[in-house]
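Structures follow.
Consider the two complexes below, in which subunit A is the common component and subunit B and subunit C are the respective partners.
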Partner chain A sequence: MSEEYNLKENSAGRLVPTIINGEDAIPFQGVEKYKPNHNKAAPPIATCADYPADGNKLIKDLKTALLETGIKDGMTISTHHHFRNGDYVANAIFDAAAEIGVKNLRWFPSASFPCHEPIIDHLKSGVVHHIEGSLNGPLGEFASRGKMKGMGVLRSHGGRYQAVQDGEVHIDIAVIAAPCADPFGNANGLYGESACGLLGFALADSQYADKVIIVTDHLIDFPCYPWQIQGNYVDYVVVMDKVGDPEKIISGTTRITKSPDRQLIAHLAARFLRDSGIMKDGFSFQAGAGGTSLAFIDHLSGYMREADVKARFVRGGSNEFLVNMLKDGLTDYILDGQTFDLKGVESMRDHPNHADTSPFTSYNYHGKGIFATMVDAAILGATEVDVNFNANVVTHSDGMLLHGIGGWQNTLFSRCTILTVPTFRNRIPILVDEVTTMVGPGELIDVVVTERGIAINPNRKDLIDSVKGSDLPIRSIEELRKETEEICGGKPAKPKLGDRVIAAIKWVDGTVIDAVRQVLD
Partner chain B sequence: MSEEYNLKENSAGRLVPTIINGEDAIPFQGVEKYKPNHNKAAPPIATCADYPADGNKLIKDLKTALLETGIKDGMTISTHHHFRNGDYVANAIFDAAAEIGVKNLRWFPSASFPCHEPIIDHLKSGVVHHIEGSLNGPLGEFASRGKMKGMGVLRSHGGRYQAVQDGEVHIDIAVIAAPCADPFGNANGLYGESACGLLGFALADSQYADKVIIVTDHLIDFPCYPWQIQGNYVDYVVVMDKVGDPEKIISGTTRITKSPDRQLIAHLAARFLRDSGIMKDGFSFQAGAGGTSLAFIDHLSGYMREADVKARFVRGGSNEFLVNMLKDGLTDYILDGQTFDLKGVESMRDHPNHADTSPFTSYNYHGKGIFATMVDAAILGATEVDVNFNANVVTHSDGMLLHGIGGWQNTLFSRCTILTVPTFRNRIPILVDEVTTMVGPGELIDVVVTERGIAINPNRKDLIDSVKGSDLPIRSIEELRKETEEICGGKPAKPKLGDRVIAAIKWVDGTVIDAVRQVLD
Partner chain C sequence: MKKVTVGILGEKKNLDCNIELTIKDSGGIEIDLKSRVEAFYGDSIRKLIHTELSFFGIKNVRITVEDYGALPFVIQARIETAIKRAIPDINKEFLPEFSDKCLYGSSRDRFRRSRLYLPGNFPKFMINAGIHNPDGIILDLEDSVAPSEKDAARALIRNALRVVNFYSAERMVRINQLPMGLLDLEWVIPHNTHLILIPKCESADTVKQVDEKIKETKNDVFLMPIVESALGVINSYEIAKASSNVVALAIGLEDYTADIGTPRTKEGKESFLARSMVVNAAHAAGVQPIDTVFSDVDDAEGLRESILEAKSLGFVGKGCIHPRQIRIIHEAFAPTEEEIEKAKRIVNAFLQAKEKNLSVVSLGSKMIDPPVVKRAEKIVELAIKTGKLDEGWRNNE
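Up next, the complex of A and B:
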């Protein structure tokens, strides 16, 4: 089996496939090392002569649209995940594809969720050959058990844009679920019952796919403005009764963690930003919308008020807490990659300084710069961190692939990357000797904040100096690991893995940073 | 000489070059006839590893930036014309190029203006080989006299996007003058002393050029938002004292014509829209910012108020009169391609329904549709119209090339294209037997409104029927031509032309619709 991948050791010391689903792949060469020497993908040139002059691209239903695109065996169909676990569209696509009778499709979502469990039947029947995109929950377990025919490929948000832009992944058909659209195909996520804020994850798909289908449940007269997706890239527009479950697309509210340990971690991270001097006028940070992140934002906002400090920009996924910072004048801008609650959607719609960004502007490593490197501090999570500061976000220590990369790899390029992690979960250590899967190289991870103390990467002498004299509990990561093992009664059990590579993990430049193996029973 | 062009007759009966400056060109084949069968241009892939992590792309001055790009003999340098006759940047580029000592550059502006007269010295000295872009005023005269080494190529705004997108024109270095920018290269036209509203004419340049330089006189901290030009496409940022003359970039006010004839034409055009039934709830129109257009908008606004009719959208170039329509609720949106006065700039900055569009969204014929075909009526000018409704906007009947195409060819695709023209200017007939230069095919021109009556294209029986019974002065174009000649004392004098082709006129699909000949003394 391993011959079909031609495994080679990459610069991170990981054995990785150099052939993925029959195509050549380049092993990771180190951060900033791989230099592309070719040109971007070049989509076929369209002509207005082939499109309706009245701008009306409406077509009866999704199946008819797929037939019109010329869907064939082996094609690649892409979707976005702004609807998260409330998406109805991806399942509808592959149900339609099954009815049409095509086989061996590659599904290229920006992420998959538990709501996509029905795709497993299409994987079993051969309608879908394999999935390239994050494999959250049941699909991850299915793949981990070695049941998916092809190899999964996980990419960051920026890596996905890069792969499409660079022609590594050719999308035959992009299906873009849109909360609001016009018959020309202009679309946004700001209006309608399924409003999800923005549609940035579908940007590359719209620009580079051969055929683009917009699916909406809220059709308005031209122009649908702002046109986050531009109708000039769109072939067909389909109206469905419902594109998703609004309750699962956007939670009405996101909540601060109630766990005392996580509260402590959030507090320490906020104190670190304050006491290190990162928190100063004109600074910037990025944090997610998990309970710990929200608590962090809440604490930091308090410190900023106390010190009368204003950020130049904050990065989301946006949520009520970031929106309040903007409203209260604690930041000039929110530069947002996805909205996580209704307040985020409303703010993006109504506040002129709540900007929608895309994986192109924020994360595409194969551009002339990215926003991510200009962020002063990024607050992120991890499933594992090792004593060399390498981190994992996709597998657990039992080897199961249960999470996507999201923007995580991309945000590692911030000026100070802080992982906020408990030392253990369910009595299994998070701090380990070596991560099960290498997703982020330690040289990009600067600080690990746990409930038992803060470890600073020894490479970052400037950060170590910056908190000297503070009362922050600075400790070595080695020390934290040992203490964790004492509490948990030892190191995590070794995962039982087979030889088969069930997924490749791409770095932001398209090279392969690690491989995920089949989990044996 | 003609062998070097290999002249052939195109479907409009015009002899056109099939070789332009050494490259193959395709003769016009008729509206909607030519179908491209290749792929878009594919720019080289960049990597963040080669760009500063702090996002600071500032470089000392324009000359240094040009040297950094690797400027060489024969390269193509592009600029935009949002600063119109107040631009300081294009002259500064070629002065710097002359200092560097490069030769035979191709200047690819979206338009040139009388302020660019100093480029003539660079054409004479060989720094600039030729200009591809509109040749307004002195540069047009210079070319018309046969003094430019290479052949000029005139394209519409949409045709320019198409040419860049399709790889017909490869831009080595784009220099984008920006009223407001940040050190990363995000830029817009909304703020600063040189505010010009938007930067859409530079969009293709930013996306497809090998190297992109932003030049600004108003540098702000990241992020410059909205990022009409995305810093992710930008290599260098240069700060200049002044990028242009604000008074000439934007006129404080644009004025309605005072000429009784033009007032009459504007009035008739507005009545035509009203009486034909085109003016109805949800309709749309496009008009420019000349004195006749403004008078037209003023009249039409009055009719819309009387009839309680609201437009879905109006298209600019925006100006005070369109802005008032938006403010007064006479239209839902302004879809704007360039702002012509300060009210336009302010409205684009502050009104959420004043949208900035680009040649890509509005005009690029090699896309999956364009906004232009969805416009109910377009009100345009012309230098000549012939009895077959063919029209000219670039040359006068003496053969002198004095004007650019602008968006004119693109807007011909509206549902009802109306030319508002006086029957004669300076005692020279505008209505002629055959246009000197074919820029727009008669089949796309529906109505000609003059001070002596309205001619409707016989092909548009629906329009003829729509105004039956009205008191509009509907006449045949032949009749209007005859009357004009009687007033002027005959047909226009034949131009004295040489054999040499001094410029090619492209159609929206990149084919050559006509050739412009040298004017003899």
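Up next, the complex of A and C:
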């Protein structure tokens, strides 16, 4: 084996690398165990004397801006995923870098999407050495087959902020795509053709990167207000014809699932919140953007109306359904991390109680508190859940790395974390003996809602008691797993995985919770 | 040698598979498996196919399987159908093990508010049908199965009856019209089918033929004739009385309106007489009258109205074609608060009279007849089942 990563077993019983791309890494020690005692990272001191007094930081194109930053081999370039699968900017950066002729860059996106497939060519040619960020779709498959030179590193949204803040990842150049900006570098996601709502994922980068470039296709005169990104952090502003494809920027699932089985799961989850008493005046919840989540929000809204209950806040990803809750007075606030549809963007722009949040406010584990722990219930998905309530969101059962962590790990800190999953998909069990990749430790996962019943973590006696006497189908997770196995026709064979670690999975505190291995054919 | 196929090759069908099979004179067993779940179940699928081939004594064959996550009972049925298409005189059946979750019984007077139609040749609809809690599931061999696929559907339904957990739903099969329907019975009756739906039933004789055929192997299978024509409506009482195994009488309006030569309208004036006749015949015969299906699955409000109307006509159940209709049906058939209160008073009076050994039940100054008590008991039972009344209501008051 050419790579040297010195595997060690962590407290979750997983063998993880202690050296990642040549740098030391700390194995996971347990939830709430690892507490670093060094100071935060700090960017170099700038002086306004070096910047134009008229506030005009415009520069003619991306390539020139990159040259101005002093781009060199081996540097780290960051981008963000607020344009989701409609982003044009990340590909443009590495095309420009290839023209300049630099090599071995580290791409540090907050997430990658299938639209970033062209980066594979830059990985092959050596312009990009490796990616640290979610590896979705084609990039995940490329890495899973062992074709990426370095090791991938997957972090949660909060973990990414923590890594930058703690100095684990030093960003040389941050490129922030902005739907709307002024020549000084103030920017927001509220206006322009590419409006995406907010730019919270780029906050850490603006604060900690050595150089910051804003790229926009909607330049307005100073001031661009509200300034979600402050121009005082920004070095250069570049105008591009188009920064993204508006239709794909707003690409979250915006329709309630039509699948009767998923409808059933959503309905059970909503009933659980109602019957357990979690749904009460002043409560809060967070649900994702998928079709099941939307059905859940729809059912829960109905129950809230019936019981005349109002939430204090709901956490976004916002969408039409959450916006309607705000409009109809079912919640006082939406605290939003990203907007999933145009109704969400409009509401954030126009409604004073639709607030934009960031991974810093919501998720950064090395902060003085986070919003995530104040949420009464988080309703999340998973690719696999095991009998110890451990869950996986990054790999499929065949070992292929296909999804990012997103805010998933961070939201596990809610008071009641509920995973909504089918027991199996196309004969492949989702409820298993042991997850392929450990992304979330079972001690933080309280309830698993499936189409065949609801399992409550035995550690949560309070939750078990809260639904006693209800007609909810409460079953043990082992019972559900057994039934799943019977339906699917026995235990599935283990996928053929190689020894090579192709990616490390970080926990919210920067320690390594698991490793993803190469998939063999 | 002749090549036979099962399924439409190249067309992806979730939880199903396509088979191409050629019996040969020599060369042994060749299996070409392309499976979506190769990594997990590839070896177990190959093993299953070998076991099945050896059961049927087939030694030289070429089989191509395109698998889209078919469960073992599905693969088993598909292979069996392919083999029987290639060698029509094989009579043996390769049965999957009877799951103990498929052995529960049914009862004459159980609720039949909702019964979910499942197209007989599509396994993906069967596997999760029971989790939506319909009162009954109908594995359909008739209209939802193409004439050329009846054999495939029979094998699939038989295996589903032995393996799939429909939870507590009544296990129903809709057979084809006679005489084909009599062959269907041979495939399904031995596998704990609770009830047979007899489509387009026009005479007591049809019911009797089905009943006789079933009695060759078994006695206790219920029957639900479906009246779908003008003649059937006229004969509905005789149909309902044709056998003591008839427990319900259903009406199918698509065929009925076609038969009387008028389009089916939302208001349903054209079928009012027919529906009332069926309700009347059913009640006269002491069986449950069941209404037709509501076919617009996206129109929840329309469905609710249609059930309330059916309920007002005297129907006690409704067919459904999508799981999402089930909850609406149960809610709409649930008794109203007013009905429950009245029923509770009657049941209470009846029980009190019984406790005091009185032969006459009265409520206030009114005498209550036994049928009124029976109806009230039914309402209380339904109220409990739909969560509108606590089981221990008499002790709580």
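To be clear about the criterion, the second predicted complex is superposed on the first by the 516 of 521 C-alpha atoms of A that agree within 3 Å, B and C clash if a C-alpha of one lies under 4 Å from a C-alpha of the other, contacts with A are read in each partner's own complex, and residues count from 1 in each chain.
The definition used in the following text is that a residue touches a chain if its C-beta (ideal position, glycine included) is under 8 Å from a C-beta of that chain, and two chains touch if they have at least 3 such contacts.
Keep in mind the model is a prediction, meaning the values are calculated, not measured.
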Please work out whether A:223 is in contact with subunit B alone, subunit C alone, both, or neither, and reply first, second, both or neither.
first
Applying the document's definition of touch, where does A:367 land relative to subunit B and subunit C: first, second, both, or neither?
first
By residue count, is subunit A touched more by subunit B or by subunit C?
B
Looking at A:4 after the superposition, I want to know if it touches subunit B, subunit C, both of them or none. Which is it: first, second, both, neither?
neither
For A:452, is the partner it touches subunit B (first), subunit C (second), both, or none of the two (neither)?
second
Where subunit B and subunit C land on the same part of subunit A: residues none
Quick check on the complex: what are the subunit B residues that touch subunit A?
32-55, 57, 165-166, 184-185, 212, 221-223, 225-227, 230-235, 282, 312-313, 333, 335, 352-353, 355, 360-361, 364-371, 373-374, 413, 509
For the complex, which residues does subunit C have touching subunit A?
14-15, 36-37, 39-44, 68-72, 99, 127-128, 131-132, 165, 322-324, 387
Touching residues (chain side subunit A, partner subunit C) in the complex
260-261, 263-264, 397-398, 426-428, 451-452, 471, 483, 486-490, 492-493, 495-496
